[in-house]
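Next, two complexes with chain A in common: one pairs it with chain B, the other with chain C.
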Partner chain A sequence: MSTPVLEVNNLKTYFFLGENVIPAVDSVGFSVNYGETLGIVGESGSGKSVTALSIMRLIPNPPGKIVGGQILFEGEDLLQKTEEEMRKIRGNKISMIFQEPMTSLNPVYTVGSQIAEAIILHQGLSKKDALKKSEQLLEMCKVSLPKKRLNQYPHELSGGMRQRVMIAMALACDPLLLIADEPTTALDVTVQAQILELMKDLQRKTGTAVLFITHDLGVINEIADKVVVMYCGRVVECGKKEDILKSPEHPYTKGLLNSIPVIDGPKKPLRPIRGVVPSPNEISHGCRFRSRCDYVMDKCEKEPPLMNIGDRLVRCWLVHNFEK
Partner chain B sequence: MLRYVIKRIFFLFPILLGMTVVVFLMLHLAPGDPIDLIVGPNVTPEIRENIRHQYGLDRPLPIQYLHFLGNLLKGDLGTSIIQHRPVAEIIIQRFPVTLELSVAGLLISFLVAIPIGVKAAIKRNTLTDYICMVTSLVGISMPTFWLGLMLLYIFAYKLRLFPVSGYGTWKHLFLPALTLGFTDAALTARMVRSSMLEVIRQDYIRTARSKGLSEKLVINRHALKNALIPIITLLGLRIGWIMGGSVVLEIVFTRPGLGRMMIEAILARDYPVVQGGMVVLTTAIILGNLFADLLYAIVDPRIKLR
Partner chain C sequence: MNNHTMMNELAEIDEIEHSKSAFAECCSRLFRNKAALFGLIVMVAVILIAIFAPLLAPYDYAKQNLPEMLQGPSFEHPFGTDEFGRDIFSRVIYGSRVSLQVGFLAIGISLLVGLLLGSIAGYYGGILDQCICALMDIAWAFPMTLIAIAIIAILGPGLFNVCLAIAACSWAAFARIVRGQFLSLRNQEFVEAARVLGFSDLRIILRHIFPNALAPVVVLTTLEVPKAIIVEATLSFLGLGVQPPMPSWGSIMSSGRSFLFDAPWITIFPGVMIILVVMGFNLFGDALRDSMDPRLRD
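The block that comes next holds the complex of A and B.
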């Protein structure tokens, strides 16, 4: 196998709030190959977004700080880069789209100038050429009347349209990696489907690797090749999409799958995971999921390591037992 | 945009009309008989009535008002009782002095307040921030006239760098404009800081950073323009405040402006001059507000929709 475009090893991003240290991302690792889509799933507070922002090195500091690990992008550790070097990567080789299209665009600048900005910065094009390229990008993202849109302001566009603009902006410099942080969460389902379709289509054309963050396993099913399941800042399961969705090993992944309503097929009661995500200062030791786990046992007082099962990784003592 | 401008200008007319009513009534309903001022108390009732008729003061109030309004539209603000000159002529002489000081004060205020407010916001909770904010607190707490007197004492009297009083050159303008600008900047800097802190944590700032823009561009291009929107909204209100401030400073720095003219006229009971001065000052403030509103529409594209 070739080297992955992105390899995250043992990443630790902590937030320092007064006396409290919150391990938002704790020893997280995964890799994304060129042209591949990796989905990161988890409930709110599982550390998905913090992982994404860590890769961009955009963790607000204070209070957040990356305290350990490696983020290898094309074999080079982003954590060793200076701020100056990072700026040349952001928006150029790695770009990002965010959850809230309504607030992620600057209200006082036109759509055109906001897309052209990154092109002018990273590719040194003139303003005129950059705007021409912006128009092409909008067209590629299936925005109607792209020429007119260039001179419009974000408030004149719908949510779906704004997210298309965000995607156009992110793809402006042909990045190797696109980080999409819940890009469809704030949209209507129909628009959601359109945006997913667009992203799949664009990925086929451009060959950009995508790190897709979502809490929606349905979306993962649509778009991902590989899946990382996160819980409380930890990777609990990681593997091929088909394996994980069809035969989840970790009780948390099972719980997530049972929480999805099914439209066709026999009607069965939803089985949501009981309880809520524990707040970070409640986690002291042991398996972080044990307070909500149906299979909890004495051994769970000690935290299980990530264990290799076939070609997937699972962090659960149950698997360990099966292994023996 | 054009529709917005036309709408705003259209709304000026009722406001200006209302203003003339208030100015007119304020002087006419005030206690005291203006005839006393013109001729003194020791004349026969006949002469008094004659003069009353001559000034049109025996007619019903609404007629007097219409007469006043008609003259106003012709640019006639009446004749000064003391100086026996048209009020309009006096005001044309005096108004530029006040306008010059107000504009210079406002410019200094913005030039000082914006960089300080931005710096304080970026360096929030550091020594730089504390120094900026304590300085601005001192600025807000200081009365304008007192600061003016202190600057006069130090720079004009002790160091002799600037003239003590008068009007004409930039040296005459500098100390009063600095006084006015500094006290106003103190308030503006605080507003810029809090507005900037609000903007800095918006999603679009994160987007700007994710594009690889330098921190300088993120702040100056993406954050500042948004942060200035509420400052511009308040500019309209502050124009009145600035004009009032320059009226006080005209006394301290003995500048022959509208403020001095008003105070002299009030003391001498020269009521056509007081009335004309009020009309011109309030009109200036109303136009200043219009200017702020239009500026607001230029900075914030969302405004044109409303």
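The block that comes next holds the complex of A and C.
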């Protein structure tokens, strides 16, 4: 097997708030192959976005700090890079799109000059060529009337349109990895479906690997090849999409799947996971999910390791007996 | 698919109707305001007077003509003459140069210092921010006139020193407002997006945050210029401003003090000019602020 484009090993990002140390991301590891889509799922506060920002090396410091681990991008550790080197990678080889398309564009510049700025900076094109490329990018992202959009300001565009512009900006320098941090959460469902369709389509064309962060398992089903389920800064389950969505092993993944309302099929009451996500610093020992778990047992006082079951990883004592 | 294109076109028609730029909208709202228009006319008029002073002034501002001393307003001397027979009209015209020079230069220096320190404090935060905030609090704590007098006492009088003295206080107002803007803007997603695209701090500050922080700074500038003009007049009145024979509105008023009952015109006309100009700038500044405030949009 060839080397993955991104390999995260044992990543630890902690936040230091006064006396408290909050392990927002604790020993997280996964890998993304070239052209593959990895979905990271979890509730709010599970450390998904912090993981993404860690890869970008954009954790606000203070209070946050990456205290350990490796982030191998094309085999090179990003944590060893200088700020200068990182700036050449950001927007160029790794780029990112955000949740809020309404505020992610600078209100004082036209769409065209915003897309062109990154192209000029990273690829050294002239302004004219960069604008021409911007137009092509908008067209590729299925923005209607791309030529006209170049000279429009963000406030003149709708939410879905702006997200397409953001995607065009992210793809401007043909990145190897695109990090999408809940890109469809703020959009309504029909636009959401269009954006997902567009992203799948673009990925087929450009071969960019995607790290897709979401809390929506429906979206994961649409777009991901592999899934990492995170809870409280930990990876609790990780494997192929089909395996995880069809036969989840970890009680948390099961809980997430049970929390999805079903439109067709017999009507039955939703079974949400009880309680809320505790802050990672509230759990001193043992399995982090045990306060909300239906299957909690004595053994859960000790934290289970990530165990290999078939070709997936699960962090739960329930599967301990099946470990190979 | 056909339906889709039609939808797009409909959306586009809708957009064209709304695509009047924010700047044009702001201007049209501004000029519907009578007070703003008045303020603007006064500002432009004073600036033109200052520029064309040598053409407009009928007499040399420094030429003494003792036989005609302390004459009241007449056709030859519209604003009368002072105790040396100098034409007040010409002196008031030349005085506008001093007032505006000080107003713009002092606020220009404040603006530069305030923008620099305010953006550093707001963008980087931490210990730098604390130091700059402490400096701002110190500058805030003193009355502007008092600290200006103290600085003039050290540097000596003169036009440029007056500017420095005024700038020493008023930079804090700019720094504070810029810092506030940066604090709220630096966490905006488009700034995060700029970082993600690999832009440097300098580029983000100058190109991405700065233009968004500008609106309140423009308003503050129009409100700070008249303050500087008043402080300059005060200093000149006390004899700490520009030195004779160069006329300043403050110093003309001061020289008229001894003849207040015999020749009130010496004091009245420069006083009226100060009121007019300060009011003009303030009215314009207030209206500008209102027209830029999206919550007041009709």
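Assorted remarks:
Keep this in mind: the second predicted complex is superposed on the first by the 320 of 324 C-alpha atoms of A that agree within 3 Å, B and C clash if a C-alpha of one lies under 4 Å from a C-alpha of the other, contacts with A are read in each partner's own complex, and residues count from 1 in each chain.
Heads up, the rule we're going with is that contacts are C-beta pairs under 8 Å (C-beta built on N, C-alpha and C of every residue); 3 or more make two chains touch, one makes a residue touch a chain.
Predicted model, so just to flag it, every value in this text is computed and none were measured.
Once both complexes are superposed on chain A, the partners chain B and chain C clash.
In the overlay built on the shared chain, the residue A:302 is in contact with neither chain B nor chain C.
Shared-chain residue A:204: touches no atom of chain B or chain C.
Using the contact criterion defined above for the overlaid structures, shared-chain residue A:158 touches chain C, although it does not reach chain B.
Contact with neither chain B nor chain C is seen for A:127 once the two complexes are overlaid on the shared chain. Ranking chain B and chain C by residues of chain A touched puts C first.
By the touch criterion defined above, A:145 reaches chain C but does not reach chain B. Put simply, of the chain B stretches 24-32, 42-50, 60-68 or 114-122, the part that bumps into chain C is 114-122. Residue overlap on chain A between its contacts with chain B in one complex and with chain C in the other: 56, 58, 86-92, 95-96, 98, 100, 103-109, 117-118, 121-122, 153, 155, 166, 169.
Those residues of chain B lying in contact with chain A across their complex are 202-204, 206-214, 222, 225-226, 229, 299-302, 305. Looking at the complex, you find that chain A touches chain C at residues 56, 58, 62, 86-92, 95-96, 98-100, 103-109, 117-118, 121-122, 144-145, 148, 152-153, 155-158, 166, 169.
Residues of chain C touching chain A in their complex: 5, 8, 11-12, 15, 18-19, 21-22, 126, 188-190, 192-200, 207-208, 211-212. Within the complex, the chain A residues that touch chain B are 56, 58, 86-92, 95-96, 98, 100, 103-109, 117-118, 121-122, 153, 155, 166, 169.
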